[in-house]
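One chain, chain A, links the two complexes that follow: it is found with chain B in the first and with chain C in the second.
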Partner chain A sequence: MLTILNRAVIALVFAFLLLPLIFVVVSSFGASPMLAFPPTSFTFDWYRNIPAAFLSGLKVSLIVALWTALIAAIVGTCAALALSRGRFRGIRVVGVFCLAPLMVPSLVLAVALYQFTGVLWDWTGLELGGTVMGVVLGHTAVAIPYVVRAVMAGHAHFDRTLEEAALNLGANWRQTLIYVTLPVLVPGIMSGAVFAFLVSFDDLPIALFMGGDASSTTMPVKIYTSIEYSLKPDIMAISALVIYGSLALMVLLERTLGLEKFFGSGRA
Partner chain B sequence: MAQAGVKGSELPIRGPADSGQGASTERSEPLPIRWGVLSLPAVLGLLFAFGLPIALLTANSLFRHAGPGRVAPTVTLDNYVAFLTDPFFLRILLDTFVLGFMVVSICAILGYPVAYFLARTRSRCRGMMIFLVVAPLLVSAVIRNLGWVPLLGTNGFVNWLLLLLGLVDRPVALVNNFVGVVIGTSHAVMPFMILMLMTVIQRINPEIEEAAVNLGASQWQNFWQIVFPLSIPGLLGGYLIVFTITISSFTTPAMLGGNRVLIMSTFISQQVRFVLNYAFGATCAVILMAVAIALTVVAVRQSERRG
Partner chain C sequence: MSEVRLEHVSRTYDRVTAVDDVSLTVAEGQFLTLLGPSGCGKTTTLRMIAGFLQPTAGTIYIKGEDVTRVSANRRDTGMVFQTYALFPHMSVAANVAFGLKMRGIRGEAAAVRVRDALRVVQLESMADRLPRQLSGGQQQRVALARAVVIRPQVLLMDEPLGSLDLKLRQELQIQIRSVQQELGITAIYVTHDQGEALSMSDRVAVMRNGRVEQLDQPDRLYSRPVNAFVANFVGRTNLLAVEVIEVFAAQSSCKVRSTDAPDLAFSVAIADADRAWRPGDRCLLGFRPENGVLGSTAENRIGARVRDVRYFGATRSVALTNALGGSLDIDVPSGNPIPARGESTEISWRPNGCFLLPREDS
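The block that comes next holds the complex of A and B.
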């Protein structure tokens, strides 16, 4: 009896987890624009007529996420090395500061950045609010801690005798750093960068407050602002496309890093 | 992931001392590099993109509202007093906590069997099932929420099912209200809850359970007298983290609440985007941030004391 109840709950939870994703895909083929269930007939039309604004939003999202991943990976890896290897005064404070953005709700940071870029513009004329650079800046602040954590977790198992061996065998310190130290850290850097990409691609609040015209409107912002007026299957079509893309990425992650390990490294 | 949106999909935070420091700093440093200097880009970058904006937000929270989008730089605690003495604002804070409590309860009860199964099974499907648990995290929060609309709408699948089963006479409102926000947010944080519970259960030695069963404990007794008590210390920290992610989330409440559900995050957004009261918006933001940071610190302490 208990086992049956147990199994039922497990099945229910999996249905609960996956139904929204399945329904985005199902609705994207639905012929009626009212999104009623059960659907009466199916069509590919929504995929053929995805409005240009959504495609441009997807493009902006990808550009922003790639820049975020790149900048956060470089800056975050440096910080992680400093925190793992360095011995300097205030290392604890720097460590807490580098992870601090994780503790602040992203909406709060979004509002803070919005007000900050406004003041910055008043005082210096520097235009960050409403630009792609502004969105990237906000996303990078949120993404850096993920990279720092992933790289530090990777470094925790680092065997320094490898470096000593390289030096003893005649490598200079630059060669040791490039050919021994960094390659060992690559899995951590990679999962940090993927996290950074996902954090950026996922974000609504920062992009909502930092974005401006179409050139800096990410896909989540475009979807969010358009469903305030109407929900039509063309939104479902672009969303379904993103789900197909995410699925491909997941399979890729599973094959390369291993999903469980990937999430584990981010949490360590 | 973001909780994501919850996006901000935040996870437990540990200080630098926890990973890699202890053992390895004792060793001599093989490379002649001043590692500390490498922290400069991150420190300066975060100062600009995080430290200064939060400092300004805190300053704005102490200033006076001076017309749409303007603040007058006279320091006062009036905004905080206004928030903490008006039942309307306190109600928003209370609703935020109620949401957090409901979501944690739902995820804890429904997530436990799944986490226990994943922690103990030797099935070949385990990898695939973990894949399915984390899959929603890798899809953008906005898109996940979009999927709930055709599911929960008046003509949606859930109402169709409820009518079919005869559980209701006419469609019930499941979206654009608090119920929708609870469902959507539970969905968003469920993967975190399952992963967290799974780690906690994996730490319990299975031989203790085997001993209990061999000594004649029923499954029910095994759970309530062995597994659950042993997992409590780990659970508390995890629950606090999931609670914090929930009360910090904006994307799901904004999308599934239909501008009608006022919790801290949606209220702050309204104050800043539409009411243009930057000072009071900042005050509410600082209050939410203070609560989130306090809860995270307690959660981290909790998990450190355990480990």
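The block that comes next holds the complex of A and C.
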């Protein structure tokens, strides 16, 4: 009895999670120029006619997400190592500060970033406002906590005698870091980087405030601005494309590294 | 020339003294064991020799050179850890090659040495495996190969067999000892297992509370412990509180009597004269369970009642309550007759099968 109930609950949860995705995919094949569900006739037209602006948005999104993942992985790993090993006054305050962007609504953060970077550009003479790197900078701020958390979780299981062993075998601290510490922490760093990528790819408000012309407009911004005027199946087509891509990526990760390891605790 | 020399080495952590004025030397090619209960400072001592810890006082020499301030990666020691500490992302061969790589030895020269080292520990066929694919014993042998392949001045081992089961431990004791002898490498070994210490070492330093209580060859440690702590930590010992009555012929032997029952007198042959006993000295008389016999065949005798008998294959261990109310243990070869539980008997031992120890409080 319990198992039947259990299964029913699980099925409902899955349905709730997956049905919207299925709705998007099915709608993207509907021939009607208005959104209708279920579609009455079938077509590939929407895929053939995805507006160029969406595709360039997708490209910008991917570039921004890759840069974000890279920068967040580097900065976040350094921060996580400092927070895991450092002994300095106020280390806990710094730790909370590093995770703070997780708790602030991203719209609030976006407005704050917009104002702050305006001042920053003035002071430094860097003109990143409205550029791809400007968006990357904003995304990195929200992405770093994910890397910090993943690497710290991995570090909690790190055996410090490995470093003593390396030292004992003649490695200096730099060689120890490169040959032993970082490779052992790679699963945590990678899972943090994947989260950073996803956070960036997902984000609307920060990209909205930090972006500028078409060259720095990410796909979510493009979709958001276009549905203000019309809701057509071409949006479903580009959305479905993203779903296919995510699905392919998940299968790839599962085959190569194992998803559980990736999204688990960041442990080896 | 001694390979490793410690002079008045101490280490304190926030007012707690972990190692207290330890001085010792290990000769070239010798196997020294630091033996003691947990918290006695043996691991701290080893870590100071490896360079992971700085002594708060004293000097450490390796090959006559003062290395007290030399960092761990320049000390040329090879360390084997209790937790193996193999690099999980590297193959067995890459683990063993790591120290060579850090010394700039690569390519064919390194490959030959890695192969040789793995052959010494009989793991040639495992070269391409990852550490997690090996058993605990195999992992520790890889760790041993990794430590000796760099031909260090001194091999340091920190309870390397502590997490292995008994049978494997005994096998690896033999293997570690034979690798050490084959390579003629100076070794310092840390353990709390007295059997391991006695069977593997050239010399053993028994430590307690950060101090070396006795540093001696295993057989002398066992037959001539310097105090009750050593006597009890290395093997089992029967102790009786006694007082010296008479000393004969330049400290060669003496007569003592029980402080609890003055009419009970015993003879003791004194083997080494590094302590001069005088009549009136209060001390402890000790003898090993295998040196006591049931019955009154030997010169020193005490009445006792059998409390318990345990069977150990080759021997039976008989626990008795002696006439003074104290406890005695006697090992009896399994074939010999044994009185029943509760029965009264006499225990005896020879003057050269016992020793005198100072009282702990004196």
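In this text, the second predicted complex is superposed on the first by the 232 of 268 C-alpha atoms of A that agree within 3 Å, B and C clash if a C-alpha of one lies under 4 Å from a C-alpha of the other, contacts with A are read in each partner's own complex, and residues count from 1 in each chain.
The rule is simple: a residue touches a chain if its C-beta (ideal position, glycine included) is under 8 Å from a C-beta of that chain, and two chains touch if they have at least 3 such contacts.
Here the structure is a predicted model, which means the values were calculated and not measured.
Novice: With the two structures overlaid on chain A, would chain B and chain C clash, or do they fit side by side?
Specialist: fit
Novice: Is A:Ala156 touching the first partner chain B, the second partner chain C, both, or neither of them?
Specialist: first
Novice: Looking at the overlay, does A:Arg255 come into contact with chain B only (first), chain C only (second), both, or neither?
Specialist: After superposition on chain A, A:Arg255 lies in contact with neither partner.
Novice: Touching A:Ile227 in the superposition: chain B (first), chain C (second), both, neither?
Specialist: The answer is first: A:Ile227 touches chain B but not chain C.
Novice: Quick one: the Cα-centre angle at chain A between chain B and chain C, nearest 10 degrees, please.
Specialist: Seen from the centre of chain A, the opening angle is 90 degrees.
Novice: For A:Glu164 in the superposed arrangement: first (chain B), second (chain C), both or neither?
Specialist: both
Novice: For A:Arg48, select first, second, both or neither according to whether it touches chain B, chain C, the two together, or no partner.
Specialist: neither
Novice: Is A:Ala82 in contact with chain B, with chain C, with both, or with neither (first, second, both, neither)?
Specialist: A:Ala82 sits against chain B, while chain C stays out of touch.
Novice: So after superposition, what is the minimum Cα distance from chain B to chain C, given in Å?
Specialist: Between chain B and chain C, the shortest C-alpha distance works out to 6 Å.
Novice: Would you mind listing the overlap between the chain B footprint and the chain C footprint on chain A?
Specialist: Common to the two interfaces on chain A: residues 164, 167, 268.
Novice: Enumerate the contact residues on chain B facing chain A in the complex.
Specialist: Per the touch definition, chain B meets chain A at residues 1-5, 7-17, 19-21, 24-25, 27, 29-39, 41-43, 45-46, 48-54, 56-57, 60, 69, 110-111, 113-114, 117, 127, 129-151, 153, 155-157, 160, 187, 190-191, 194-195, 219-220, 247-251, 254-255, 259, 265, 268-269, 272-273, 278, 281-282, 285-286, 288-289, 292-293, 296.
Novice: Help me check something: in the complex, which residues belonging to chain C touch chain A?
Specialist: 50-52, 71-74, 76-79, 81, 83, 85-89, 98-99, 102-103, 146-147, 150
Novice: Under the touch definition given earlier, write down the residues of chain A that touch chain B in their complex.
Specialist: By the definition above, chain A touches chain B via 2-3, 6, 9-10, 12-14, 16-24, 26-27, 34-38, 74-76, 78-79, 81-88, 91-92, 94-109, 111-116, 118-119, 137-138, 140-142, 144-145, 148-149, 152-153, 155-156, 158, 160, 163-164, 167, 173, 176-177, 181, 195, 198-199, 201-205, 208-209, 219-220, 223-224, 227-228, 231, 235-236, 239, 242-243, 246-247, 249-250, 253-254, 259-260, 263, 266-268.
Novice: If you look only at chain A, which of its residues touch chain C in the complex?
Specialist: Touch residues, chain A against chain C: 159, 161-162, 164-172, 175, 179-180, 183-184, 186, 268.
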